[in-house]
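You will see two complexes here that share chain A, one where it goes with chain B and one where it goes with chain C.
So, the complex of A and B:
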């Protein structure tokens, strides 16, 4: 199944989804495509004015351009999602979209999809880490 | 090369980083990002404002690196997404923080995905000028025979100066950049009883500065923020100490905070015609008045009598027309139009800088008495309007280019 992960650029979540046999809907691949596309040249993300306008599908014109630009990237990933894993209260080193308003809207859009969703807090100690991985494993196995 | 430290949030995802860098490169500067530790919570805690967005936390950490001098830069460009409330709070507080703790010139901007390098060019050029030409900007006295040409969006002005005095001046509406400049230069020379060969140095400024600079072989081609500042403090005889220069132009407005005539923070409008001289021009036409008459009429009206529902050039003026139909007199309607422009400038622009006194109001619109009254009313001060206030750009150009004789 296609599993949307939040934060969408978390390498740990991406890896876990792949390990348990699902397709992660993550930002890394999308950004990789853009960074390596020779036709685009607005570093470092290669977002174009047209991308930001694509974001209008998810957020209105009065929403800051940075929010719409982000949603232009992972809005289509949310559209594809058949399941989702949302991690709350994570440090920026775990994965970071840098914008709180984007975070709020992304979580809302995932919840609106009504797909099977696992929501959990970022672990603070070793015991919580084990529980964190176990819950993700159980959720992903149940999706099969 | 001048290093401009960029403190920003949302720029990558708005697709405008290339434009920011292009603007900096055009004026011989380089955009740099202060190095910070990946764990920037300590910097945020020390700053005292803890935004939710990590991008803004990173901005704070980068500003702190500049204050602590762990990263060296010559100037600072602060930018966040237009319409982001959290972003605008941090943008302003960081500007204050940097101005309090460093001597770095700072400029702010709120961008959209449509922001282009051309819009940022004047701001970047001003930052570079402040850093590179501090000695030239320190000039307080004009020497020799020099000419300043200000090619503005609405009008073109030329001033000839000799030994610190204006001896010839002329202005006309801008039609074609070169032709308008040639016409005003010819008239200014006639008034000064001189020939172009007598001019020892020429300085150009304004939107058409590059074109006319090349045409007249100018020794100084400079953006209007620094040139106008010099012209304004020279004409107002406030070359020492603090001041704020407010120039409500035909196309955009400039609010510049200066210390000893050198700007250290400034803001340029340009997002809405309703906050520019163009709004008043359109209102004057609708009232069947010349713009000068309009200013005098507005001064006789009550600034607060006619209610205005919109600042927009279309809807705001529609409101004024409706007020006329309801029986309000022309004086009060003209005064309301002036208040509308003053209010918008106060709400949108003057919030971006620390307003220092005296407030020197300059540019063509400073001749509109009603507008000066409206600005004074909202800022609770009496703006200082120097003689020849519409010529500040040209005077600044003539003054500064005398440094090249």
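So, the complex of A and C:
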């Protein structure tokens, strides 16, 4: 099954999803497609005005173009998702997930899709890590 | 052509060179670079995915992997051509790197134990009304 991970750039989530036999929908897939395109219109990420228009499918016109640009990356992944793992309260330095409005809209879109979703808090100690991995394992095994 | 990062957990005795040697022994056509946190592997999609499965089977919880969007040594990301400083995306790696020893331990020892988290109950409405009457 295709599992959307949030934050979508998380290595730990991506690795655990693969380890327990599913396909992670991670941000690298979308960025890879753009940055390795022979037509580089807008380096470094190659987010063009076309992407901002794609973002209109996921957010209203009043929403800032930055949010729409980000949603143009996350949106196609959410469309493909058959399940989702959401990690809340992650540190602010945890990857390039610093746009709060995009994060809110992303979680909203996942919840609107009504796919099986696991919500967790970012673990802070060893005991919580055990719980974190155990819940992810149980969720992914139940998906089969 | 895809690129994958392999990050070695801090508590492991595994070295990037050991992983490189193992991948070389598989005899596949790949571009490999060793880094301070592990290695990066670049090659055809199927070959890289196959190598990832084999590396995961061999080193189990000592090594973690993710797909990387930019190719190895890409000028838009590589520090060598950007005048130093942490490359974008490195901050997330630092955050996750701190958690890897714990996750590695859980995976190796298979200690999948859930904690029953107590839900914080909201304040009782009557109690709240009483406090407001007394204080305001």
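Methods note: the second predicted complex is superposed on the first by the 138 of 144 C-alpha atoms of A that agree within 3 Å, B and C clash if a C-alpha of one lies under 4 Å from a C-alpha of the other, contacts with A are read in each partner's own complex, and residues count from 1 in each chain.
Here, a residue touches a chain if its C-beta (ideal position, glycine included) is under 8 Å from a C-beta of that chain, and two chains touch if they have at least 3 such contacts.
This is a predicted model, so every value here is computed, not measured.
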item: Combined model on chain A where chain B meets chain C, clash or fit; value: fit
item: Residues of chain A touched, compared between chain B and chain C (which is higher); value: C
item: Touched partner set for A:26, first chain B, second chain C, both or neither; value: second
item: First, second, both or neither for A:133, with chain B first and chain C second; value: second
item: Included angle at chain A between vectors to chain C and chain B, based on C-alpha centres and rounded to the nearest 10 degrees; value: 110
item: Which of chain B and chain C A:52 touches, first, second, both or neither; value: first
item: Partner chain(s) touched by A:69 [first = chain B, second = chain C, both, neither]; value: first
item: Chain C versus chain B - closest C-alpha approach in the superposed model, Å; value: 5
item: Contact residues common to both interfaces of chain A (with chain B and with chain C); value: 43-44, 93, 96
item: Chain C-touching residues of chain A, taken from the complex the two chains share; value: 7, 9-12, 14-16, 18-19, 26-29, 31-32, 35-36, 43-44, 90-91, 93-96, 123, 126-131, 133-135, 137-138
item: Interface residues, chain C side, partner chain A - complex; value: 1-3, 5, 7, 52, 56, 64-71, 74, 76-77, 88-89, 91-96, 99-100, 102-103, 105-107, 111-115, 117
item: Residue ranges of chain B in contact with chain A within the complex; value: 9-18, 38-39, 51-55, 57-58, 80-84, 86-87, 111-114
item: Partner chain B, residues of chain A touching it in the complex; value: 41-49, 51-53, 62-70, 73, 92-93, 96-101
